[in-house]
Structures are given as C-alpha cells and as structure tokens.
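Following this line, the structures themselves.
Okay, so chain A shows up in both of these, paired with chain B first and chain C after.
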Partner chain A sequence: MSLAFDILLAFGVVFTAAAALGTHDRVASIAGFVVTGLLVALSLVRLGAPDVALAEAAIGAGLTGALLLRSAWRLKPAESRVSPAIDRIIVALIAVCLSGALAWAVYTAPGAALYPALVSERLAESGVTNPVTAVLLNFRAWDTLLEIAVLFVALILVRIVAPAHPQPVVLGELMLPFARIVVPMCAFLAGHLLWQGASVPGGAFQAGAILAGGLLVLMLGGFAVLTPRLLSWGMMVALLGLAVFAVAALSTEALTGTLLLYPDGAAKIWILMIEAVLTLSIAAMLCLLFCGMPRRPLNDV
Partner chain B sequence: MTTVLQVVGLTLTTFGVSFLLIAALGVWRLPDVLSRLHALTKADSAGLALIALGAACLKGRPDSLLVLGLCVVLVALSGVTIGHLIARAHLSEGDLE
Partner chain C sequence: MTSELIYICAGSGLVGLAFYRLATCRDMLLRVLSLNVLAVGIAILFLASARNAGMTDAVPQAFILTGIVVLVAVTAALLALAEQIDSQRDE
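Right after this comes the complex of A and B.
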C-alpha cells in the first residue's frame, strides 16, 4: 500500500517538474514549481526527514514560489520559442551527468551512515533532544553561522540591485477576515515550531519562514504600509541575527576557549536564545528579499 | 469498535477522494475561469474535509481531530480567499478589455 503511494509520489514529482519546465506561461510554470516543491516535501516525510520537509515546504515551495511570482510580475511575458534540438540534447546530457554524479556521491560517501551513531552518542551533551537541532546549533553551529552570513550577503545583493517595491493592490473584502485568522496563526505556529525545535522537528529556519509568510500577508493585503522607516527597522532586525550569533560565537570563545562550544549545562539556553533571535532575523530577511530595500534619493547618500 | 471506525473512515475517505476527482474533472473540462473556480473551490473544501474526517476515524484517536481540523480550516479559508481573488482579477481583466 505504501509502496504504491511512494511510486505515485515519485512519478508525481517528475511529472510536475516536467510540467513546470514544459509550459511557456511563467505563472503556470511557477505553479508547477510550487507543487513540485510540496511533493518533494511529502517525499522527504516518507524518507523520515521531517525537518528538511518542513524547510522545503515553507522556504523551498512557499517563499521561493512567492519570490519567483514577484519576479515574474516585473518581467515581460515569456516569448514562446522552441530551442533547437542540439541545445536540448546537450542540456539533457548535462542533467543526466549531474544526476549521475550526485547519485554516485550519495551512494559512495560514508558520512550519511556514520553521522547518526556519532550524533546519538553525544546527544546528551548538546542540551537538546532533537538530533537535527543538536547538529545545527551545537555540533556544527559554525556551519549555521555561515549560512546566516550567506543569507545576509543575498540581502546585501538585493540592496545593491534595488528592485522596485511591489505595489499593493486592493484585494477585496475577503482579505481582512483571511488576514485576521492567518496572521495570528502564523505568529503562533512560528513560536510553536521554535520552541518544539529542541525536542522534535522544527527550528529557527522553519519558524522564520512561517513568520515571514504571515508578514507577507500583511504587506500584500495592504494592512502594513511599507514606509522607508519600517524597511530600515526591518534591515536592523535582519542584521541582528548575524550580529547576535557572531557575538555568541565570540563569547563562547572567551568563556570556554573554543568557538561555539557552549558552557557546561547552559547549552539549551544558549541555543534557545540564538534560535529565537535567528527566527526574527530570518523572517525579516525573507520579507526584505521579497519587498526590496529602503531606497534613498541619490543626493541623500 | 475499531472495525466500525475503519469502515466509516474508509467510506469517508473514498467520498472525499471522489469529490476531489470531480473537482479535477471540472477544472479540466469546464470552459471558462469562473465555472472552473466554482467546481474547484466547493468540491475541494468538501473533499478535503471528508478525507480529514476519514483519516481521523482511521487514526482512532480524538487528538488527531485537532490537527486535521486545523488543516481543514486553513485550507478552506485560503481556498475561499484565493477563489475570490482569482475571480476578482478575472473580472477586472474583463473590464480592461
């Protein structure tokens, strides 16, 4: 029974991906991309990786889809042209080689098999009981720090490119009751995911993405007016995550002599503080990626 | 008791799936945006609600009703709102032409 489901799911992923690539209408293509992302999230649940599934559904499908739609709105409609057969054959060959290399790397690398045993051996020291959070915020917190830095660099790039802000349009009378229910629920769910990340799947990235989703409802519904002042505040909050994480890294260096080795017995409170700030910061970063940066007139710089 | 719940659950799920199938058929076959929306939004919400109810019966635990109920409410809410938005956008496009 579940085998049939898995096979259907695998075909569904390939089919929706092909549909997303095959259509010339940008919006339909993005819809295909979002559905593919949701099906991939479902397959990750089937593979026993609910943390990745949550991140894929919230960031991969949800917010990336929103970002793509926002970009499609700024571009002209796609020209419908058929690329020559030789181009398509080359692209297909590159895709097959890439997939083959990935499959080879996954099947030959020993890391995937070694990791769970190593993590479960030291889980008690990490301050949390969810192995994924233990790896992300304790054993390999360094990687997460760099990830936040990468996200911030992306934000700086958007600042340099300075895209136009999306114009809020009047969305009708149903938007207000929708926002009244969905936005508080997003805030509530983000807090829940953040808190439960210590013991079961969840965490800062997922919580931040859901919070960002709620904020986007407010912005696109026209309930929150994007003043330059508000955008500057958003920028500050976005910077705060990287700043707090870096300060935490330096203070652990000072306290214990090792970068991001938390003091004995206090690991949980350190992790929770960092994750709470990261949630707000990630939400602010994702929102700013969507709606663009504060713009100053040239003579003001 | 378990068997009764299972039979009820499977029946509800089957009904729900057939609702979704009808919705898909409607989106595929109906001629214009508004009638497609009409087929989609109603059958979609009803189908999902039936499937969630069926899944709760199959699970056999009352606490799963809470999570599944939340899913149904959120999907119904966004379905209604998005249907409204699409219809609105379609009508205002018609005005422009």
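Right after this comes the complex of A and C.
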C-alpha cells in the first residue's frame, strides 16, 4: 500500500517538475514549481525527514515561489530563440546519462553510516532531544553561524543592487479579514515551531520563514509601508541574529575554551536564546530579501 | 530499500530535467527556477541515501536544511542581479 503511494508521489514530483520546466508561460511555470515543492515536502516526510519537509514547504515552495512571481513581472522574457534540434537532442542525451549515472552511483554507494551512532551517543549532552536541532545548534553550530552570515551577505548584495521594492496595489475588501486571521496565525505558529523544535520537528528556520510569510501579508496588503525608518529597524533586526550568534560563540570560547561548546547543563537555555533571536532575524532577512530596498538619494546619507 | 530506490529515481529525474532546461533556456527567470529544481533533486537524492534501517541520519538532514535556507538567499540575490541586468539593457 505504502509502496503504491511512494510510486505515485515520485511520479507526481517528476511530472509536475517536467510540466513546470516544459511550459513557456512563466506564471504557469512558477505555479508548477510551487506544486512540485509541496509534493517534494510530502516525499521528504516519507523519507523520514519532517524537519527538512517543513523548511521545504515554507521556504522552498512558499517564499521562493513568491520571489519568482515578484520577478516575473519585472523581468522581460528573453527573445524566444529555440535552440537547434540537434543541440536539444545532445543535451537531452547528456541529461539522461547524468540522471542514470547519479541514480546508479547513489544506489550502489556503500552505506557506511558513521553519524547516527555518534549523534545518539551524545544526544543527552546536547540539551535538546530532536537530533536535527542538536546537530544544527550544538554539534555543528559553526555551520549554522556561517549560514546566517551567508544570508546576511545576500541581503547586503540585494541592498547594493537595490531593485525597486514592490508597490502594493489596492486589494479587495476581503484582504483585511484575511490578514486578521492569517497574520496572528503565522505569529502563533512561528512561536509554536520554535518552542517545539527542541524535542520534535521544528526550529528557528521554519519558524522564521512562517513569520516572514506573515510579515509579507502585512507589506503586500498595504498595512505596513516600508518607510526608511522601518527599513533601518528591519536591517538592525536582520543584523541582530548574526551579532548575537557571534557574541554567543565568543562567550562560549571564553567560558569553556572551545568555540560553541556550551557550558555543562546550560546547553538548552543557550540554544533556545540563540534560536529565538535567529527566528526574528531570519524573518526580517527573508522579508527584506523579498521587498528589496529602495535606493536612498545620495544627499540623504 | 525499494522505497528509497523510487525516491532516488525521482531525485535523479529532477536533476536531469533541470540540467536539460538550464542548458536549453535563455530566459533568466526560468534558469533560476531550474537551479532551484536542481537543488531540490539533489536534496531528495541526499536524504534517500541517508536512510538506514528505517531511520534517517540527522547530519545530512541538517545539511539539507542549511542548503534550503542558503538557496533562497542565492535565489533572491540572483533575481536582484537579473533585474539589474535587465534594466541596464533598457538604457
């Protein structure tokens, strides 16, 4: 029974991706991509990775779809010059070979699982019981620190390149009742995911992405206008995550002599503090990445 | 093991489709979209290979989670650059 479900789901993923990539209508393409993302999230649950599935649904399908739709109106389509048939046949052959080789390589790779034993052995010391959160915020917290730095660098790049921020159009009467339900739900859900991330699937990234979704409803509905003052507050919150994480890393170095090795018995409180700040910061960064930032006039510095 | 094989096939299928589209398409938006599909395909492959006796390894899960967040940042940066290139072309 579950095998039939797996086959159907895998077929659905490949079919929607092919439909998304095959059409020349951009909006249809993006809609196909969002559906693919949601089906992929479902297949990640089947693969036993609910944390990743939550992130894929919120960030991979939701926010990326919104970003692509935003740019679809701004970017002019390239002149439709179809590649010669011989080129397309050669590329298709290479793609089929690549797929086959990848599937074969992954399937036949020796499965020497090194990490599960190590993770479960040290899980009790990590301060949390969800192994994925333990890896992200304790065992390999260094990676997460650098990841936040990457997000911030992308934000700076968007700020330098400065695409025009979207002008919210006047929406219908149902926008206000919609926002009244959706925005508090987003805030509630984000808090819930953040808190439960210590023991069951959830965590700062999923919570931050959902909070960013709520903020975008406010922005696009015209309930909050991105004034320069609000923008500089947003940038401050965005920087706060990286700053707090870096300060935490340096204080653990001072307290325990090892970078990001939390003091004995206090790991949970350290992780929770870092995650709470990261949630706000990730929400601000994702929201600003979507809105873009209006270029300030030169004499305004 | 069979269900892993099914998802390995789906993941490599996505990689192949995205590669084909990246190579034959000139539209910047669709190229960014293909890049996203490519990354999703790799995520499925990685997680399918991380399955062992009904359990999924936590370390690859954390890697993929990091990858998804970095990918959205890369997408936003690429789209900002693409919009800039587009507006320079107009002038």
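Quick note on the criterion: the second predicted complex is superposed on the first by the 268 of 301 C-alpha atoms of A that agree within 3 Å, B and C clash if a C-alpha of one lies under 4 Å from a C-alpha of the other, contacts with A are read in each partner's own complex, and residues count from 1 in each chain.
Following the convention adopted for this analysis, contacts are C-beta pairs under 8 Å (C-beta built on N, C-alpha and C of every residue); 3 or more make two chains touch, one makes a residue touch a chain.
None of the values given here were measured: they were computed from a predicted structure.
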Touched chain A residues, chain B compared with chain C: C
Touched partner set for A:Gly213, first chain B, second chain C, both or neither: neither
Partner chain in contact with A:Phe178 - chain B first, chain C second, else both or neither: first
Partner chain in contact with A:Leu75 - chain B first, chain C second, else both or neither: second
First (chain B), second (chain C), both or neither touched by A:Gly197: neither
Common interface positions of chain A, toward chain B and toward chain C: none
List of chain B residues in touch with chain A within their complex: 74, 77-78, 80-81, 84-85, 88
Contact set on chain A toward chain B in their complex: 171-172, 174-175, 178, 181-182, 185
Chain C residues within the chain A interface of the complex: 2-21, 23-24, 26-30, 32-34, 36-37, 40, 43-45, 47-49, 51-52, 54-66, 68-77, 79-84, 86
Touching residues (chain side chain A, partner chain C) in the complex: 2-3, 6-7, 10-11, 13-14, 17-18, 20-21, 26, 29-30, 33, 36-37, 40, 43-44, 46-49, 51-52, 55-56, 59-60, 63-64, 67-68, 70-72, 74-79, 81, 83, 87-88, 91-92, 94-96, 98-100, 102-103, 106-107, 109, 111, 113, 115-116, 119, 131-132, 134-136, 140, 143-144, 147, 150-151, 153-155, 157-158, 161-163, 205, 282, 285-286, 289-290, 292
